[in-house]
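Shared chain: chain A. Partners: chain B in the first complex, chain C in the second.
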Partner chain A sequence: MSLWVDKYRPKTLDELSYHEGLTTRMRALANSGDFPHLLVYGPSGAGKKTRISCILRELFGKGVERLKIDQRVFLTPSKRKLDVNIVQSNYHIELTPSDVGNYDRVVIQDLLKEIAQTQQVDLNAKQRFKVVVINEADLLSRDAQAALRRTMEKFMSNMRIILCANSTSRLIAPIKSRCLLMRVAAPSPEEIKTVLQQVAKNVGFDLPPEASEKIAEDSNGNLRKATLVLEALKMQSKDLNSPSLTIPKPDWESYCHKVADLIMSEQTPAKVMEVRGKFYELLSHCIPPTVILKTVAERLVDQMDESLKADVMYWAAFYERRMRMGNKKIFHLEAWVIKVMCLYKHYFFDVDMEDLNAFD
Partner chain B sequence: MFGHQQKNAQQAVEERSQPWVEKYRPKTIDDVAAQEHTVSVLRKALTSTNLPHMLFYGPPGTGKTSTILALARQLFGPDNFKSRVLELNASDERGISIVREKVKNFARQTPRAHGAASDGNTYPCPPYKIIILDEADSMTQDAQGALRRIMETYARITRFCLVCNYVTRIIEPLASRCSKFRFKPLDTGSTSARLAQIALSEQVHVTEEVISALVSTSAGDLRRSITYLQSASRLATSTDPPAPIAPRDIQEIAGVVPDEVMKGFALSLGVDSNPSTTSGSKKQNFDSIRQQVKSIMRLGYSAAQVLSQLHDLIIQHPTLTARQKSTCALAFADADHALCDGADEELWVLQLALRVNKAIS
Partner chain C sequence: MPESAAKATSSTGGRKASRTSTLTSNCQPPTKKLKSLSFTVPPSFAFDKSPKGIDSSPPQPISQPTPPLVNNKRKGKQKEASDSSLDADGLWVDRYEPLTTEQLVVHSKKVDDVRHWLVEALDGGRLRKYRRILALTGPAGSGKTATIKVLARELGFELMEWKNSTSTPYGGMYPLLDASFTHFIHGTPSDLDIVPQLDKFQEFLNRASTSRSVFGETSSGQTTRQAILLEDLPNIHHADTRDKFHDALRLFVQRQTSRDGEYIPLVVIMSDLGTRGELEDNVGYSSFRGRNEVLGIRTALPADLLSAPYVTQISFNPVAPTLMIKVLQAIADQRFQGSHSPRPTKKVLDMIVTCSRGDVRGAIMELQLSSLASKPTKKGKSNGSNDSVALLKLASQREQSMALFHLIGKVLYNKRKGDPPSSSATKRDREQLRLLEQSIPNPEKLPSHLKLHNRKASLVDVNTLYADSPIDSSLFSLYLHQNYTQYCEKLEECGGIAEWASWIDYSGPEEWFQANPHRFHLLTLGTLHSLPIPVPRRSQKMFKPEFFEQLKRTREASNAAWDVSEWFSREMPQVCGKWNKDDLVCEAGVILNIPSSPRAVHPKPPQSHDLFSRLIFDEGEHLPSRLEEDDPPSQHDFHEDEFANRETEITDEVADGGWLEGDDIEDF
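And now, the complex of A and B:
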């Protein structure tokens, strides 16, 4: 029994429901015989992976769905062993090189060279090339990207690369200029609603429009989340018609909101200690610190005075970046909380913030 | 024999999927677009058969690599090319050990006597070899240091050509041994002429608007505009019936945010792109800006692209004061740095939007 997200995931290009223009382009490219390297980018939950697997299906036929999972060992120059999980079929291979952090260059070089130098032996194969799908391409180190550069040109005859990324900002220009860019935008609420209705029909129940409306609104353009929420709701209550239907927030989210409320309630060192404890709790549950910061900040600006909102966001961005550069996440979360408390308090007592607020 | 056939077939495939950038690389230095000064100096070198060490620098896509390859080809002809030219670029391992071994070994070989060219032309084939170090600015300081002495010792039989984007990254002792050639970004005229020529020989129908879209999105980088043209024609010919290429397609391939979206975003920040209709209050409220940023991020455009386009819009704005513009520029610089560090895109675009709005109101 699989989740609805996987069960009702479109398998062929014909089943894709939104971004029709993109779909026709993909179909045309797959059938033209001159398939370029692709760079598929867009926010999470927009359907990038689904589209990639549909293209593969269109290119190679049913054979690509026979997957096997492999664990490969790579050796770094310093003789350290790296384990990388690889999903592959006869026609394609899928990997996430950023899993191994700084050593991703080794993986890219070794694996791609190996694939590039072997030719397709299956005479019945529809295409002469193999496809390499690289996930999270935006997290590749610069070295790894530079290593891709020449390989992409040199081994064009028996390999194509499909890069999957959230954003193109961190990809170096030479890579971008070698790929055909495909932007997969997040679906609009209407499109999400249609998909949800479709899923409900396939499962065999009636989804009231109000419920789908609510789910679509809550999902923020993330179709995966929307489908998961739908399934969770259906499991919880048989009847989705009741007007009191609320979408349960994940635990960490309500916990983050609690933190925000704490910050608003009182601005004292004691409270900072309390908040710090809560942050630790969240971090130890593997909630990414950026997500924590963003969720708390969003909640804070909802309650704050208009004139303070911009400042809160400014400092959130400021400390988020420091957090990336730094090592210890909790320091920066704390620093931000103290900053916000400071701002809030000064605002209340109407103290001149000239020296405090370096914001322009 | 079987192998031979296979090779031919493979060659045919490669021919077809060969990037146009490679296919239309200039064959002679006279073909090189726009760099008149460099070309005229090098033409002299061709006739006199004497060549200094050279350092080519300039932005990407201006023809640096093409020029040196064309020059080498003209000097040595296709037969001697392999034995006389060593080309190393950033994808090859290029640490100090390679410089010590590979480069040095090649540099100290005495050039072989050249046979008659098989294609009937005569080439000057001067008595030296050329080592091309492409993307030399990514070489380490140590590796560059190791080159210093090699360059002098074997100057009689070997010429070096360093190709790089940033001349400042080349250590001074190396730079002073070379004669420098600056490659400037291509002007609109020569870019569009070259694009039109390629389109003609590939039998792709392009309109004036498409060419101007290509030129404007690539900003003087000929390689980029050719790649875009190829991608666009791939898309266009793969549909049935073949659709004409529209300027919008080019923008989509280049990942450019459409003008309407950008204008809407700017308007929500209080930057009116049409200053004749002066709106009363420029101060926007926080929530509307946040909404705008969210919707732009949901469309999937990259933050860096949004940043650079908003930057162009504001810096070229006719009515904003210089002070406002410089405050905005500060914000842009900050955000760009943060994005390079890998900070969260949405937070930083929002922060930038707020700062711009504050600077303008």
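And now, the complex of A and C:
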């Protein structure tokens, strides 16, 4: 099963359909002969990786598409073995070091050193350097980032690094300053619609504009999500023309919405307990706690009175920060829920809001 | 150093002498065994027990039917009456060691179990092939070792015991080399001496289980049956050592027979961990971190062996108070018969029994201690026993960490000065409470703008709680968090506690050296401050934190997401486009959950994606597992390979029944 997202992904810079300015600049960079380290960032599903692979194609030609996958074993200082799957061609290698958690530094150091110390052997290669693509660079530990920083300077002659991240805020400044920053913004609904039509044409069916409109709206600027939803709709063999077309939602999203409803329904300690159970359920399905908090908060804000919206969001942001710093995510999720429940209850019974601030 | 110079040239004899002296001077603290005290010949080292050890000291099984040289102390009982040197008799634990099964404080059924196993292992029968390893587990001082020794005496077999040698350069001398090689290679014994402990262990197992005849004949002139005793385990905390240790055991099980076609069984004795659970690095989301560091039978024996038929596990319970008091009385009778010193009163004995919590070794130790204390006064009976009571209080207080259950209860019931006394309280309880309340000063009145924070004085002493807490503050916070909602009446009270828990989690990292040192106090005080006064009693039940269960499932789901991501990148390799885990979890569910249409022949992704993609919202309430009064904290919370054990655990809890009713907490 190959997903449409993968199957109809643009392979060259020419096939890219939006962010024309960015594409032109990338082409110029690739052909300049002086290719810097890149840091590509932007929201999820905006096309960062697609763009990176297009640049690679532009740099090295069709050779980058001959891929091999192998499993490498790294040894941590405590002699623990780490298995890491790596996708590579003769010219580039793609890594996701954050897969190995705290040991990412080992992977970064060992692998980069090895790549950097071997010269490009292929004499016909268009470039003298190899490219290392590092995914989820913003999840790298401090240690790994520090290790990276040194390597980036030292092995500039043999290697370029392309970092791919959702945001630059968690990257240390020395890394940011060594890279050319390139922001890939989320596509607009119009652009998403164009891409969806393109995909439909490639697959060979007719996509009614209303349906593509709906999907684009629901996707929130996430092109990958839009394409997946389109494929899901098609797989369920739904009638795309019907006006009552419902966009399929992932289970966790509807679950979060129900949790929000639970919070609104009753504000008692017993309810807190119940909501906690639901949060545990979500967390144990690997849904990132930040996403949970965000989804539930958005749903709550949709339904609450205007005067409460700002407070709910304020506390969501407040506890989200704590959650990032702390270890036990459930504590912060729960503290937020209780806060929201208090706010809502007091609003409802029209009690003086002063009492609430006792806990600040 | 002159000594080292001498060593370089001298023979092994000199070395031995120094070795002996180190050992005897090194009389262990009175916790375990203390065999070293009863030795009159140089104590043998690990390998001296090996049948082939050509060593100057004769091989020395620790339990022989008629010990020739050693153990005159063991017969203390018979000699007692005529013995005048009462003071120099070592420890009573050794002295009044049980000699027959009747003297054991273990339930006779347990003894029968062990005896049955040993008979099957030693005398054959069809099951003999599977009677290879016997694992005895149970709390410290429940009579595991004593049972084996008594049975060895009764059934007439020898025990060969493995002991880890100390790690002085010469301490772990390899006996074979000791006798032969070092004579040739004068001066440079160091290369040869350093034989890894584990190699020696393997060798020990190998020899002990194969070549028995030499050993058997030297001891009593006729071949006796043997069993190997393993009480002093190698350092199995270290991953490599543990692997080797496991390999050695596997090899041992697979090895068919000894030379003359007999199996030699292995007895492993392991004390259960005490109540101090270790958090280690199990808290955290990364899949590479969750290692299981709890030392227990599950780490000591490899999982495949535990489930194989070769291993039998018999677990001992703490000694029942009725049995214990009999033993103590018997010892006291023997000890103080015809002696001048006063016999400890019934009160003292009772106190010892309650303090010991089923640890018979500890109880005898304390009996000895109390008799020591009462000796110098010589003023009269009453005075002596008072002294010993006081001393016992001192000695036993430190040892007892508060049961987790009571710790949580103390905090969550939030007792304050002037609370109405509970209905079940006796007159004495009330009196005690009144005295306690008198000793606590009233807090000063707060200024009017802070009147919100006015509380009655709390009866909970945070410092004592902190000192007695069996768990660290991180785990403590999880237990509180799991249970606090039942004790609150209003949402605001919940809010206060949740806010504190959140703040404390945020206030610093998890590791002890970086963590906020005031976490425990802040959490306790914050919780006490937020809880209602008085806390409503509606027979709340205590639960164990669900946190670990969730963590485990998260890990499984995360592995599943990883598998699916790998599967995608194998199915359709992209130049750069490996699925990010979070993206996969959040977005791909839409597609993965669609049952594929029958006409599609494409391969399917791993079914394990259900773990993260399928979430059904159910209205029903589920109950986490309950915390029982005598539950040690965390032990099973932290076990990762608990799956096998889960079922039994659940049935146990059902069988136990009866959770703590709200008012029981009064007693503590």
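Here is the rule we use: the second predicted complex is superposed on the first by the 352 of 360 C-alpha atoms of A that agree within 3 Å, B and C clash if a C-alpha of one lies under 4 Å from a C-alpha of the other, contacts with A are read in each partner's own complex, and residues count from 1 in each chain.
The rule is short, and it goes like this: contacts are C-beta pairs under 8 Å (C-beta built on N, C-alpha and C of every residue); 3 or more make two chains touch, one makes a residue touch a chain.
Since the model is a prediction, treat every value here as computed from it, not as a measurement.
J.: Answer with clash or fit: chain B and chain C placed together on chain A by superposition.
T.: Aligned through their shared chain, the two binders fit side by side on chain A.
J.: After the superposition, just quote the angle formed at chain A by chain B and chain C, using C-alpha centres and rounding to the nearest 10°.
T.: Rounded to the nearest ten degrees, it is 90.
J.: Go through the superposed model and pick first if A:Gln236 touches only chain B, second if only chain C, both, or neither.
T.: second
J.: Between chain B and chain C, which one contacts more residues of chain A in the superposed model?
T.: Comparing touch counts on chain A for chain B and chain C gives C.
J.: Output check: A:Met325 vs chain B and chain C. Expected answer is one of first, second, both, neither. What do you get?
T.: It touches chain B and chain C both.
J.: Quick one: classify A:Pro209 as touching chain B (first), chain C (second), both or neither.
T.: A:Pro209: touches no partner chain.
J.: Taking the superposition on A as described, I'd like to know which of chain B and chain C A:Glu94 touches: first, second, both or neither.
T.: Touch status of A:Glu94: second partner only.
J.: With the superposition applied, I'd like the minimum CA-CA separation between chain B and chain C in Å.
T.: So the smallest C-alpha gap separating chain B from chain C comes to 10 Å.
J.: Taking the stated contact definition, name every residue in chain A that is touched by chain B in one complex and by chain C in the other, in rising order.
T.: Touching chain B in the first complex and chain C in the second, residues 325, 359 of chain A appear in both lists.
J.: Under the definition above, what is the set of chain A residues touching chain C in their complex?
T.: Interface residues on chain A, with respect to chain C: 1-3, 6-7, 9, 11, 44-45, 49-50, 52-53, 56-57, 64-65, 67, 69, 79-80, 82, 85, 87, 89, 92, 94, 96, 99-103, 133, 135-136, 164, 222, 224-225, 228-229, 231-232, 235-237, 248-252, 254-255, 258, 267-270, 272-274, 277-278, 280-288, 291, 319, 322, 325-328, 330-332, 334-335, 338-339, 341-342, 345, 355-356, 358-359.
J.: Note which residues of chain A are touching chain B in the complex, please.
T.: Chain A residues touching chain B: 24-25, 28-29, 31-32, 34, 36, 41-43, 46, 128, 146-147, 149-151, 153, 156-157, 167-170, 173-174, 176-178, 180-181, 183-186, 220-221, 290, 294, 297, 301, 306, 309-310, 313-314, 316-318, 320-321, 324-325, 359-360.
J.: Considering only the defined contacts, which chain C positions touch chain A in the complex?
T.: 239-240, 283-284, 286-289, 452, 474, 477-478, 481, 485-486, 488-496, 498-499, 501-503, 505-506, 509-510, 546-547, 549-550, 553-554, 557-558, 560-562, 566, 568-578, 580-583, 585-591, 593-594, 596-597, 600, 602-605, 611-617, 621-622
J.: Mind listing the chain B positions that touch chain A in their complex?
T.: Contact set of chain B toward chain A: 10, 13-14, 16-19, 22, 60, 89-92, 138, 223-224, 227-228, 231, 234-235, 237-240, 252-255, 285-286, 290, 294, 297-305, 327, 330-331, 338-348, 350-351, 354-355, 357-359.
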